[in-house]
Structures are given as structure tokens and as C-alpha cells.
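Letters A, B and C mark the chains in the order given here, with residues in each chain numbered from 1 onward.
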């Protein structure tokens, strides 16, 4: 088990006029090495908080988080990469320098850096734009830069928080294929947070369905897809059945999150 | 909240002053307590008040001219887009010039005395006031103007109900900056070529190595400048909060 | 009609008007000399190297003031931005700082540090440093949370995160602070030289004035004006180039 969460919850304490907010948990979760796990849930259920806690960006109010059998506390452990929902590309660096950012810090030799960055740029289809600045690229391209920047450090666990949220449906499906390709090529464990049910069902080995706030796992559904898969599986029967099953679980939760009983 | 922060700051300032005094000693400083006492004595001195009045008069006139001329320049430039674009870099350049280098020119034109000091204070204040006024007018929401036209407001009404409230916050900020700069200008003018006024007294005290007086005068100037600025700042903040 | 064209014409026109009024004697020569005479005098001075030492002294002092203001200003700005409690205490200072006539402290500095270049550099520094602090704070405030998180994911320490992520993001605002630092350093140093000094451009202007030497005085005033305007324009052009990369295409 590469990642373990035991009875993890996150509570924001009461502050000036605001009551205490129970944002997440309790959550128990184990991720197997190399698996693709998706998390879906109604808005505000704490999906992003789950990612923050898993990565070490936030500390759990109770419970423990383990990464590769070591306790995660306060700082982000080596070997974890995160792709955020918002654009996190560095506007003052070219695409090439953005991707090289983490490698340069590690004190790697020039030639080696160039080689690794070149590979990542090719893999993510950014070759034409290597010398461009993020401001000159579309939102989707900028996300690719962020993914490439994460990739190049060879993380063993990759966390993605609604990375394709701002993109149109067709682009999302294609980016999903990219993500699968990346997953197979690197052998990393992937946790993807998404609000799109079809995306979760299509991409993941297992889908965790979260309840409304405070987020807990209502169910974890195994999809049973083969490792060699792509977006064409959305045409099949089992896809529709799985998605339907997830929606049944989620529908009530989503209504509750919106304030209906 | 804010008053408490100011109090802490003033306390820290006095503390640092006292510590510096303990380190440097009477050769070049006086303690805060002694300075306040010296200032009191100075304010009570009959020979001092004419200087205070001279500076006050020069500053008031310079500031008044700066406000009037600054607005006369800034408002039309804000209204006429093209003229504003042409003039802006010129105004910004004027802002960065060490205006003290123009002082001899002022003296040559006005001769030594009050008019030169007033002019010096004025030129320091005119530029920021005009820049802020120009921006204030430029940034009037065109939708407000169209609405006023639709409502067929009279010119008086247009002015008091639309133009004035829209531009006032920014103009007041400009006036606040202009106030400080006009004060600097007036004092600087007195420091360089005058026989009267606070600036002159300051330079005189320096050449006589009269440390008590230097500190007392500096304290007076600082308290006056900071105090008025705090009041204007409160006004500034209130206007911006409403806007 | 181009804005630049009109502006250039306006400036040339104003100078030409001044020239004509001076030549005609409408403006007497003991008050203002014609611009052409100013330029001629300046040329002679520069060619002869008469004031080279003064110019070098002023530029060196301005340079030191700018460098000190940038280093201290950025460091203090970065520190305060990460320490909200301290920043709140200093808030009133930021609002009031430029209201206080910095030159009022000049006599005090002269008394404490004696004659020599330090008091002038100090005034330039004191005027410039606050602008750098305020603009650095402003820039750092605008760093998006996602970039701060990214720095943590890359496991950057506090100093590393500041130098490699936060300050680079805030660079446009720090540059604004830099432009102000340059302007204020000139104003502070030259102004102080004017009041009391034994060398420097400000001193030479004051000396020429006291000796009724209009030719030299106006030449040096012209020099300062041209210098400051040129520096400002260069900074403006540099800034535009730096920022063009970060603007939406």
C-alpha cells in the first residue's frame, strides 16, 4: 500500500463569528501501488481537502496519513507530485524553464536536465511551444505544462485536483487519454479528483464516491477495466451501468449539498 | 484596532529614540523627554512665534495655489482623452525631477523672500494633485454619464450628483500627497535661502551645533506633518470605502 | 495624430518659445539664459571635465542609495509579508512615512555623522526604501495561493520559496518600487548636496548660484534634468519589455 489514510478528518476551528466547520472525514483509504483511483462527490464535500491532507499540504485534525509507510506530517514528502485546478505555471519562465524548474533545484547536470525536459516536452506535445511564455498559451496547454513539470520529477504518487475543470468536453476526453498514457508509461499511482462522473468511470481502476460535507466515502466501486484502456470504452454497456450506479449514490448527496433534504 | 497599532508604533519609535540616545549620547542627540521640554520652551518663546507664522503662511499659500492650479490642470486633462495621453508622461517626468535644482531659478524670478517660498511649495504640490485629478476624471464610469444624460440632469445636478462623488476620493488622495509635498517644498525653500521660518531656524541651529533646537524643531515638524496626514488619511479612507 | 508626435512637438515648441523670449530680452539674461546657451555651456563643461569628479560623486552616491534601498526594501518587504502581526503594527508608518519631510532629518544626520557623503546617501536611502517596501508588499500580496502550494509541493524552504517563486511573481511590482527608488534617490542625494555639501552636482549648482554664474548654473540644472529624464525613459522601456512576456497575447 503506497498510501494509507486512517480515520483522517479535518475540522476548521470556530473563528470570529464563524462556527466550527467539519470539512472532511472520518476517512479510511488505502491506495495500492500503481493503481488509478478517482474521487467524485458533490461540491463542497471536501475532495480538495482530502488531496491537501494526503499530500501533506494540510494536517489532519485527527487520524494519520502514511505515504510509503512513513507518516506524513506538515511538509510534502519527496516523491509526491500535485497538479492543481488553477493554473500553476510560472508566468516569468518559458515552458522549457517551467518544466526544468524542479530538476535545476536538484542540482542535476545541464545535459541531463535538457534531456529529461526534452522528453517531457515531447511526451506532452509541447515541442512547438518550448520557448513560449505561459501567457501566450491556452488554458489546456498551460495545464499540460504543469503536468510536464510534475512528470519530469518522476513522482511515485500523482495527485490531480480537477485538472481539466476549465476545459471543454472533447478536450477533456482527449486529455483523459493522455493521462492514461502517462500513467502506463510512468507506473505511478494516481489519485484524480473530478466532478465529472464519466471522467472518473472511464479513467479509474476504482472510484471513491464521497458524501456531502463532511465528506466520507459512501462506497468505493471497482471498474474492472484493463490497464490498456482509452476513451473509446465510453461506448460500451458496462460504462453506462457503472456511471449510473455512481450517480444513484451521488444524486441524493448532491441534493443534500444544495440544501434540499 | 488602528489606534492601538499607531500607539504601539509611536511607543516603539520613542523606545528606539531613547536607545539611540543612550548609545550616542549628548554629543549628537537629546532624549525624547528633554526634547519635548525644549519644544515647550521654544513654543513659549516670543521670538519663535514669528518664524512659525512665517512658515505657516508660506505653506498655506503654497498649498492653496497647488490645489487650485493642480485641479485646473488635472481636471481638463482627464476630460480630454488625447490631451491627457500627451501630457501624462510629461507630468510623470516633472514628478521625478529633483525640484530643489529649480530653486535657484525660482529665486532669480521672485527674489529672496516670501513669494519664492510660496512658489517653491506650490510647484512641489501641483504635480501630484494634477496627476491624481487627471486620473480621477479619466476613471469616471461612462455608464454614470449616460445615465445622467438619460435622466436629463441639469449641469449643476450633474456636477453635484455624479461628477463630484465619483472623483472626490481620488482627488482627496492627490490633495493629501500634495499637502505633504508642499510642506517639504516650503521647508526646503526656507532651508536654502531665507532669513525667516522654521527651515531657516533648522539650518541656523545646525550651523551653531544647537542640538536641542534641531531636535525640538524636527519633532515639531514631524508631529505636525504626521498628525495632519493622519486626519487626511482618515478622510481619504472614509471616502474610498463609500465609493 | 500620434500622441508621441504631438508631445514631442509640444516640448520642442516650449523650448523654442523660451529661446525666443530670452533672445528678445523679454526674459532678462540675469534671470534665465537661452536654452541654446545652456546647452553650449553644458557641452563646454563636459568636454573640459571640470565637474567630472562631482558628477562621479553624485552618481556613486545615488547608486549606493538605490542599491541599499532595493536590498533592504525587498528583504524587509518579504519579511513583513510573511509576518502579518508585525506588518499590522507598521501599517500606520506606511501611510504616514511620505508625509514627513525627510529633509527635516538632514541637520540631525549631519550632526550625528558629520560632513562627508553618508548623510546624503542616508536621505536618498530613507526616501527610497519605503517605496520599495510598499511595492514589494503589494506584489507579494498578489501571489496566487496555488503558486504558494506549488512551492511547497516542490519542497522549497522559506528562503528558496521567496527567491524562486514569490519574488519572481511579484517582479513587476518590485520594478515599480525600483523606478520610485531611482527617482527618490536622485531627489534625496541631489537635494541634500544642495543644502550642505562640498561636492556633487547639487553643490555645484548651489555654488554657481551664489557666485552669480548663470551659465554654469543652468548648464548643470539642464544636466540633471536630462539625466533624470533619460534614466526614467530607459527604465520605462525596460519595464515594457519585461512585462510583454507576461501579458496575454
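Heads up, the rule we're going with is that a contact is a pair of C-beta atoms (placed from the backbone, for glycine too) under 8 Å apart; a residue touches a chain by one contact, two chains touch by 3 or more.
What you are looking at is a predicted structure, and each value in this text was computed from that prediction instead of being measured.
Interchain contacts link the chains end to end along an open line, per the touch definition above.
Every chain gets a centre from its CA atoms, and the centre nearest the mean of all protein CA atoms is that of C. Taking the mean of the C-alpha atoms as each chain's centre, chain A and chain C sit 48 Å apart. Between the CA-based centres of chain B and chain C the separation comes to 19 Å, rounded to the whole angstrom.
A separation of 55 Å divides the Cα centre of chain A from that of chain B. Shared contact sites, meaning residues of chain A that touch two or more other chains, are absent.
Across the interface of their complex, chain C is touched by residues 2, 5-6, 8-9, 12, 24, 28-29, 82, 85-87, 89-90, 92-93, 95-105, 107-109, 176-177, 179-180, 183-184, 187-188, 191-192, 202-203, 205-206, 209, 211, 214-215, 217-218, 221-222, 225-226, 228-230, 233 of chain B. Partner chain B is touched in their complex by these residues of chain C: 1, 3, 6-7, 10-11, 30-32, 88-93, 95-96, 98-108, 110-112, 183, 186-187, 190-191, 194-196, 202, 205-206, 208-209, 214, 217, 220-221, 224-225, 228-229, 232. Taken in their complex, chain A has these residues touching chain C: 55, 57, 75-76, 78, 80-82, 84-88, 90-93, 101-102, 105, 133, 135-136. Listed in rising order, the residues of chain C touching chain A in the complex are 144, 146-147, 149-150, 152-156, 160, 164-165, 168-169, 171, 245-249.
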